[in-house]
Amino acid sequence: MRKTECLAMILAGGQGSRLGALTKKIAKPAVPFGGKYRIIDFPLSNCANSGIDKVGVLTQYRPLELHNYLASGSAWDLDQKNGGIFILPPYAREKGADWYQGTADAIYQNLNFIDLADPEYVLILSGDHIYTMDYSWMLEAHKMNKAEATIGVIEVPWEEAPRFGIMNTDKTGRIEEFEEKPAKPKSNLASMGIYVFNKNFLKKYLEEDAKDETSSHDFGKNIIPKMLKDKARLYSYAFEGYWKDVGTIESLWQANMDLLQDQPPFDLKGEKKIYSSNESMPPHYIGPDAKVKNSMISEGSMVLGEVENSVIFPGVRIGKGVKVTNSVIMPSTVIRDGAVVDYAILAQNCEVAAGAKVTGQLGAITVVAEGETVEAEASGKQAG
Amino acid sequence: MRKTECLAMILAGGQGSRLGALTKKIAKPAVPFGGKYRIIDFPLSNCANSGIDKVGVLTQYRPLELHNYLASGSAWDLDQKNGGIFILPPYAREKGADWYQGTADAIYQNLNFIDLADPEYVLILSGDHIYTMDYSWMLEAHKMNKAEATIGVIEVPWEEAPRFGIMNTDKTGRIEEFEEKPAKPKSNLASMGIYVFNKNFLKKYLEEDAKDETSSHDFGKNIIPKMLKDKARLYSYAFEGYWKDVGTIESLWQANMDLLQDQPPFDLKGEKKIYSSNESMPPHYIGPDAKVKNSMISEGSMVLGEVENSVIFPGVRIGKGVKVTNSVIMPSTVIRDGAVVDYAILAQNCEVAAGAKVTGQLGAITVVAEGETVEAEASGKQAG
Amino acid sequence: MKDVMGIINLQEDNKLIRELTDKRAVESMPFAGRYRLIDFTLSSMVNSGILNVGVMLPDKPRSVLDHLRSGKDWDLARRHDGLFYLPSPSEEESIRKGDLKNFYHNLDFFEHSSQKYVLLTSGSFVYNVDFSQMLRFHQNTSADITMVYYTAKEEQPGRNVVLETAENGLVTDMAEKPAIYDDSKVAMNVYLIEKRIFVELVRYTYEHGGQDLLMDGIIRRANEYNIYACEHDGYVAHVDSTSAYYKANMDLLQPEVWEELFMGSNSIYTKGKDEVPVQYKETAKVKNSLIANGCVIRGEVENSILFRGVTVGKGVKIKNSIIMQKCDIQDDSLVENVICDKNVVISKEKWLKGANNYPLIITKNVVI
Amino acid sequence: MKDVMGIINLQEDNKLIRELTDKRAVESMPFAGRYRLIDFTLSSMVNSGILNVGVMLPDKPRSVLDHLRSGKDWDLARRHDGLFYLPSPSEEESIRKGDLKNFYHNLDFFEHSSQKYVLLTSGSFVYNVDFSQMLRFHQNTSADITMVYYTAKEEQPGRNVVLETAENGLVTDMAEKPAIYDDSKVAMNVYLIEKRIFVELVRYTYEHGGQDLLMDGIIRRANEYNIYACEHDGYVAHVDSTSAYYKANMDLLQPEVWEELFMGSNSIYTKGKDEVPVQYKETAKVKNSLIANGCVIRGEVENSILFRGVTVGKGVKIKNSIIMQKCDIQDDSLVENVICDKNVVISKEKWLKGANNYPLIITKNVVI
């Protein structure tokens, strides 16, 4: 059997409560993004494009729906003999089941999975970010540095640095200090929440941390500082490019809008493709009286009205006389004749009745939750 | 999307404690049987051969190891777009995780999985039995009878009937009475633990049963009697052929030995193939001084000594001067020169040292647990 | 339907559509923005529950092999059954003409398959059919051979087999006609036959000098078999000429046809390309068109079909045209009544215009 | 190795092994009880981490297509990359002889692939090689072309390319010889080349009248390239004649060879058949033999290789023989020094005996 060199573990988070109504029925990694993708398509496609073929997905919430989306993993070519996608919810154990307490605890609870796969390196990823990255280069740097841990970092504007975990490194990239949300940052290198660890090194720290009742079992707060205190060989690996947290309604909306710029800061058509698992649908149809500009539209949709500055997912119906502006319309949602949608995110399988209005504003995007219907009389603003 | 007509749920049981040392490291469905198979290959192959492509496997225990064996399901052609194998351990839920309390509770706890698949019929199978059966015929009978539930039954010798759940039916096969282990059975039609239910009908009874605190949440003890009390349309479906419970050490050993008869009662070479997920191994090698008779031997093994009345799994090494008789040797076990093995089951990856002895007797089969080594000085009998 | 094996016969006569089939089989013609013609019959088989499909390779197999590959996109990359390629016999095995020799030299494939029935189709029809209804009809009528027809709604040239049937579906006459008329019952080249009968038919006919399965095997021997036909009342197009190809594409601009073929409970599958959604830029104006993923549009498009990855520059006007994969239509050019094959570049300010009923065809990889 | 694409060239000259390759390519010859020859190079590629493999189809493609199918058994039924079939050009495209035209007419496959290197092998060698070591060697030496050789341990007839190398592996001479001698460095028909160089080599050589990749492309132009070779010191056999075929099979009865080829960390994959374990009955006597699953044995077998599903009756004696899939050797017959192709039936009490160094060959499907 071929050996797994590097195992990826994607922290797909809890109930994703910052995304509110969008995660009522689905786990955060399965939230649609970018006209046809799901958030988890990005780390999974990065894994596939980096030659990593075994991936654990740690989620507390709605594992079955996620399992249905990921299926056998064939969309990402992860259905291989020794590879595959493994969904890892908190299982019942002899002592009963525990919710994952923090990022480190989630990995700790799955140490038996890691031991079974028996990789040399463990790559830990977050399921909240939109970016493309070839992890094999980071792994290469990790080996060259003879590091015990390598942390992906990105330069952020100095004024935003206090919102992040900040690395202070020497000239070789070795991390000397790590400050979680420092008031006065000494550098603008922020942690991307991407870690490569030597497996046994990681295991030792996780086991120690699990015994520490004062720990909040978090990589940024507990594990990394402890490693630094022990003078372990921690290196940074600098990433350049688009990297965006989509963990809130506003940031999710903004990241979708970023794609509509004439020269978008993030090019979905880049050298490495983003794979996703979609139902087979025909090219979309634009009707005789439709007007579409500055927008993205995907397969299986039918547009008879007007669409501007918007992202339209597969299987959407936009009726005659409809105006959709500054909005994100997720799969299979129906907007009937004459309705108006502005500054809104409509989740999957929604219906906006004929003549109804769904309008928000910049900074206060209106969200319609999965499967809901907006009637004409009840139209107006709904809380996000 | 193609609709799932019939969803199969395999009750893969608890810690399988009746199989003792064999289930120390693996779940019962993954226990090897018949020279190259695992117990779960039989219901899975039956599903594949019956055109059922979506299967839930309910197990409390070691879901990861089972996941590793089942992988994407491709060995059974279950890695299809709307199909697949779903391993369903007790997940953590909002209220915390519960162990499955009984067969009915296990299905009840996975009603959301059944709702997602949304089949018309649910086929419930047990993971303890060796047999081949085309379930599509049973489903056809279920539809023809306009039944709400259909139970697979097999004629057992009258003297054994008190060990089973016994059906009393009218001439049309409609079940009038069900007696669990009756002292004086009125019929010899025993339940095989194979049920077809109309989905909504099943759901209603499971939800009622879950509320009943006096219930032990078992199909045979609670659900079926309740349905009969309500005069529901329950039919029997008679199966003819080999059907063997392999839930104990002795029955597992006997079922292996059954295969060695000159005309075995159960033909693995039947019309419908039994599929299994095996590593790729070459034809086995029989050495110049080997003697093999009345035995089954599989790929990747090397036999230099004597083998009689035994079943040898893949990758086994049998050294010079070894005598293996009346035994079952599971994958990758090594028996070194001059050792003697009689009336024993050796689990996977065991080692029997040169000159060591592992001997049991009829009715008291010796078991060596996975990964253990039997030294020459410590040789002799080990408890099963 | 696990008792039925499918066979797709890719041995069509290409002459009427030569410009577009110079390097490919007609069945692998790009169609409807992202499909190939063969996707329709193959998806219909898969959706009907057929798990074992043999594809009789055409003389130019490259485009078919490249499209279908492992069969995974149709769920046919299976360990048991799944997609099989059946090559034509080499010259030393047979120098006879016609499709019958291909069946004859692949008879072992039929004999080794476990299914009881054979469903034989051709790859040049556009339809979305549930063949499981056909099996039920076949079993109820106890037919030896069941065919499928559609009722023509208008006159149309082109060789087709036209049926006459009794009320119960029994075929009373069957003949190849040079054109079809209103209410003709036109055969869709779909045959359901018990395998035993099919093997006997192929073997007997070939060994007695037959060349063509339909002509020599079925039409000439029609009186020996109990032949029934059932009607398909959904959308059908037979792509046997350039004009039929153009018309069938344009039919999809009727939303009812688009909905019926693609958006019902049975999808049409094709090779996945992971293209990004269509980007409509500030200056885009699109009307009554089908636009496939991967396109970037800055110009005007009307009554047209754009395949995956087409770029439409500023000031471009595309009308009544079919633009295949990865074409690049550069700024200020005009394209009307045109079929552009794959990878064509129309450079800036070019004007291309075909006739209303006779589209201009631009062959693959050309730069204009 | 995700930067390397594999190409298996199935264009071998079959003449020396004609009885067994009448209906199949030499690369799909059954071997070692359950494999086909092509499994060895294909599995080596997959185990080395190559994800994109093109198979240049031979003139008789049926047996290769039937064996490899979707590529799923080798983990090559992928959505991106995976197994590709590259058909030979049709006669109207090229009437030239040699293998070069096949490369030339499939150049678009190379150009559309994302990998930087091409690994070219042939399908008639038996070995289990880790090509990732070869890539490291190639990168370290900055070679244009890297080849692999083995050092011959005995004289042997048969055309082979023999190399001379400097100490650092630089190839100083390369020539086709009619036989090999002790210590000859024999090329294993494995080439690692940067794709850019490979495409240029094929295009230039073909467009200047070349026919054979090795002869016209590499040997004649050897002085234009920096060619290195590295040694493979494991088991190798080149199956280029019936006697080489027989000998290579018999080599597997040495447990060291069997262990090295099959039981190391890299498996050899093949088409799965889900055969049951071998059943040894009361009267079975088997010595020094390889027995594949699905066999049922009641007689005696010695120094032989039994493929999947062979039945050996009571009183049978099989010695020094290779019995392929599904043969039925009935009671009391004697079979010595024989190669039985697939599905042969030896009926009761028949005696068949070939010479010690010249096995008797029984062709497919024969009943004796």
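Labels for the chains are A, B, C and D, by order of writing; each one numbers its residues from 1.
The rule we apply is simple: contacts are C-beta pairs under 8 Å (C-beta built on N, C-alpha and C of every residue); 3 or more make two chains touch, one makes a residue touch a chain.
Every value quoted in this text rests on a predicted model; they were computed, and no experiment measured them.
Here A-D and B-D are compared, and the pair linked by more C-beta contacts is B-D. Chain centres here are means of the Cα atoms, and by that rule the chain farthest away from chain C is B. Distance from the chain A centre to the chain D centre is 46 Å, each centre being the mean of its Cα atoms. One finds 40 Å separating the Cα centroids of chain A and chain C. Residues of chain B in contact with two or more other chains: 1, 74-75, 81, 273, 275, 279. In chain C, the residues touching two or more other chains are 72, 78-80, 267, 272. Partner chain A is touched in their complex by these residues of chain C: 32-35, 72, 252-253, 255, 258, 261-263, 267-270, 272, 274, 276-294, 305-307.
Every residue of chain C that touches chain B in the complex is listed here, in rising order: 2, 47, 49, 51, 75, 78-81, 265-267. Within the complex, the chain C residues that touch chain D are 59-62, 65-66, 69-73, 76-80, 82-87, 90, 272.
Only residues 1-3, 48, 51, 74-75, 77, 80-81, 273, 275 of chain B touch chain C when the two sit together in their complex. Looking at the complex, you find that chain A touches chain B at residues 1, 60, 63-65, 67-68, 71-74, 79, 81, 84, 86, 89-92, 96-99, 112-113, 116, 279.
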